[in-house]
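My questions all concern the structure below.
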Amino acid sequence: MEIASFQSVISKYQVIFFDAYGVIKNYKGLIPGIEKTFDYLIQQKKEYFIITNDASRSPEQLAASFNKLGLKPINADHIISSGMLAKEYLDLKVKDGIVAYLGTENSAHYIESSGLKTLPVSAIDETNINEVNALVLLDDEGFDWYDDINKAVNLLRQRTIPAIVANTDNIYPVTKNNVSIAIGGIATMIESIVGKRFLRFGKPDSQIFIFAYDHVRSFKPVTKSEILMIGDTLHTDIIGANKFGLDTMLVLTGTTLPADAETRIRSTGITPDFICESAAINGIA
Amino acid sequence: MEIASFQSVISKYQVIFFDAYGVIKNYKGLIPGIEKTFDYLIQQKKEYFIITNDASRSPEQLAASFNKLGLKPINADHIISSGMLAKEYLDLKVKDGIVAYLGTENSAHYIESSGLKTLPVSAIDETNINEVNALVLLDDEGFDWYDDINKAVNLLRQRTIPAIVANTDNIYPVTKNNVSIAIGGIATMIESIVGKRFLRFGKPDSQIFIFAYDHVRSFKPVTKSEILMIGDTLHTDIIGANKFGLDTMLVLTGTTLPADAETRIRSTGITPDFICESAAINGIA
Amino acid sequence: MEIASFQSVISKYQVIFFDAYGVIKNYKGLIPGIEKTFDYLIQQKKEYFIITNDASRSPEQLAASFNKLGLKPINADHIISSGMLAKEYLDLKVKDGIVAYLGTENSAHYIESSGLKTLPVSAIDETNINEVNALVLLDDEGFDWYDDINKAVNLLRQRTIPAIVANTDNIYPVTKNNVSIAIGGIATMIESIVGKRFLRFGKPDSQIFIFAYDHVRSFKPVTKSEILMIGDTLHTDIIGANKFGLDTMLVLTGTTLPADAETRIRSTGITPDFICESAAINGIA
Amino acid sequence: MEIASFQSVISKYQVIFFDAYGVIKNYKGLIPGIEKTFDYLIQQKKEYFIITNDASRSPEQLAASFNKLGLKPINADHIISSGMLAKEYLDLKVKDGIVAYLGTENSAHYIESSGLKTLPVSAIDETNINEVNALVLLDDEGFDWYDDINKAVNLLRQRTIPAIVANTDNIYPVTKNNVSIAIGGIATMIESIVGKRFLRFGKPDSQIFIFAYDHVRSFKPVTKSEILMIGDTLHTDIIGANKFGLDTMLVLTGTTLPADAETRIRSTGITPDFICESAAINGIA
């Protein structure tokens, strides 16, 4: 397993896609040295985008959270989130009625679409259940798990409607040793219980990459071979971008630990084009 | 699909195993006419046992709940529950320390074993986590889902201990149209998130049939071909008993509706030896 | 379940995507009346494309097979096959060496890419195994199942390389009652045995819809809402196109029988925008 | 991870259950030193049995194969195979007609049962298909994979009959680096394609342990805590015996390599009571 120099790898590409968690930041804050990476990209006139499986906040709120951590250049235009795909789906395919959701009120605000009314699952009752035309799972917080997960199950048993989840992660880290179940894990449980297929947006699914690719091409002519995807997770970032035809870089600052990287690549068969210790410009995080 | 006469079928067997839910009772109470069935079995000197995937109560409490519904002859000796297998496992294989559990305090009381201390997952902390030598999932009530399911996930990430669930059901009915997620559904979610294998006791697994068969033979010499299992669910009662070598009867008073029975048998390949409308002595429920 | 008039539905769209098997043809030949549909589309100046999970033949060969059945207007430019995505992947991501394949020699000819050498799995041995940089599963014929499926398993155990399958179907019909295992079914077996993730191109994955959408836009400005996908299978054609944001029509001339359609839609939650008896212009097939 | 002394561990038990492959023998022959183990067990008057997921040969043939390798004391009474459970199932539950099989003629001879006729899948045709009352998968050899796996799929689509597999392994080793797909892997593929549930006999399922336990108790009174199961595979031997309530020993001469044992135990949560380098009496294999 050869460790490449971050700077020499990115010099070959015109556009860089970054995963957020484990590449740019972690539970403690920014990955050390990552600010310099963005300064360098700006100086080198390379385009950069953050491709994130996050449906709990709007692009503006996600950008603001990076700014607050100290990454000043990031704005909403740099964000491609799986929540944007969920919203596109609602815009295109759900014409009217109520969109029921599990998540915070804030997360629901973001998916609001003209002609649709959003309501938390807790507010669904006999008087409005027949108007519910979609269920969206946005965040693992903002609702009572016992009451509302059970209500979501019964909603899907009674109504033949699309169920959407924009985060395929099962867990997310909260401290060095502890994790929390993510909304993707809850979606998997509900899916297996009701026997219905959820629409899953977000990496590794190709659709978030075409969304990002279309977005880039709208202001800069570019081919797939000029784009590099940087991620910390083999089975989302790397396999998804590989399959879409992008070159890929695995960094070792997140879910794939330096000691495990080689074993995991061999056991899964998911092979990045490059491995770097970190996406920070000075190497080791 | 030929519908057999209940009375003529049971006349061929010495011992009758009954599933509880959907065969003897449902969310409304006893299946109409089922009392006469037990009077008849007693009169005919046939042995009967209730084989149930329930780990939330002791055999005594389960028997009492049948008595309360009006089924007077049932006592604790007639009950074989998956919880009894979980308890046997703890007795045989967990020598000391703490057994953490998800469920009600009452359910935990039942699995208490000499030398072991039971504690709800909510009471596990840094001071005692290293003494936890097993996790048992007993009931979907009695704990805070958000806090304690997340705690159970982190417990299994930190401790290499057996995780036990004695109910393989994902849901249970609460009204005509509504269901609740059962502890088996929660177990499946935790299992897939932590990537560890739960020990699952209860139908369709052979071990509960072995346990019942051993129990019967301890006071009456009997062979497998003299035992009939009656159930309402193909993928637990029927496939489990078929595989163990017992003859099986599907009744249509529970999860398998009369209109679906033939299709389900054909699509799953799980074939009961007999189909009856009900286990009530007078036929139609 | 309302059955719509085919002609009135397609009048609302500028571009029509057709699945092939079960929509245009079946094991007996063309779906009766389907020729008139294409005459009508040409007359109405609507664009049409066939979106097919077939990697066993080139677009030219697929078009020729439709011509031979009597569908004269179809040419290679109307074909979008999952094999084209597999080829794009090899072009973009496999720089050199050998591409080993399971399939006919003819199927392999099609994926040939500059700089790559294709070899059947049967020709892989100790002298060339280290040059194998990808494995592609193309067709269920053209190789010895016992010898070559076992060889493919061992190849993937020894080499960390991408494994690609461009057909997600498990079976295909060969007569009214009989099916054959498709290469997708073999891929699933190999995948589970070696524990590595295959790259799967073809419906329901979004990437084939992206490929088709990009292709259409290269000569005609069109939005997603102006495109209709017509398919016979809920879990490939319909869910895939729904998720991509296209409107969808289920036809009842293939895998979804008229008597089952409503039940299947309700049990899977996969809902087409329209249901028609057939894609033939005169209605009933 | 503490490595125990084999001799001191077995001194605590009255009955020893051995897995065959990876414990007593491997692809090269006997595990070095294993003969002395059996001499010692005989001298110490301990009972021993070989519990094996093998349905391709009779107990007599399996015993003969051990004798031929040099393990003289083993006879048919020491063998408990999953094939014996498949045979018991046929005896108890399939009253008449044809049992179709995939495997060698020799393997089929073994499952012959009074009143049943065995026929290879290749011999099933329109004249006899309606008499087929069970399908049994016995061995990965003795049939044409392409023809007969496809025929087995169509048989299960046309007949609602039990399908039985007595080997849950997906692969078996044939040389140091190469494996072959086992009949269990083929069963999984057929099962997923036809959507029907196979009856799976053999470890980790409890039924083979109760079969062995009943067998032992028929001539020696013994409790579960006096029995030790020795195996090389966590997810069959160890989890199965643990769950049945037996103590377990993992040996490192088979599928679990010394370097991986600790990681695998931690990642699966499947914990043996003891770990020994080998079941050979002198320690290191």
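Per-chain numbering from 1; labels A, B, C and D assigned in written order.
Basically, contacts are C-beta pairs under 8 Å (C-beta built on N, C-alpha and C of every residue); 3 or more make two chains touch, one makes a residue touch a chain.
None of the values given here were measured: they were computed from a predicted structure.
The chains in contact with chain B as well as with chain C are A, D. The chain with its CA mean position farthest from that of chain D is A. Taking each chain's centre as the average of its CA atoms, chain B and chain D sit 28 Å apart. Averaged C-alpha coordinates put the centre of chain C at 40 Å from the centre of chain D.
Chain centres here are Cα means. That of chain A falls 45 Å from that of chain D.
In chain A, no residue touches at least two other chains. According to the touch criterion at the top of this document, the contacting chain pairs are A-B, A-C, B-D, C-D. Across the complex, chain C meets chain D through its residues 144-146, 149-150, 153-154, 157-158, 170-171, 177-181, 185-186, 188-189, 192-193. Across the complex, chain D meets chain B through its residues 88-89, 92-93, 156, 160-163, 194-197, 199, 201, 205-207, 210, 224-225, 235, 239, 242-245, 247, 265-271.
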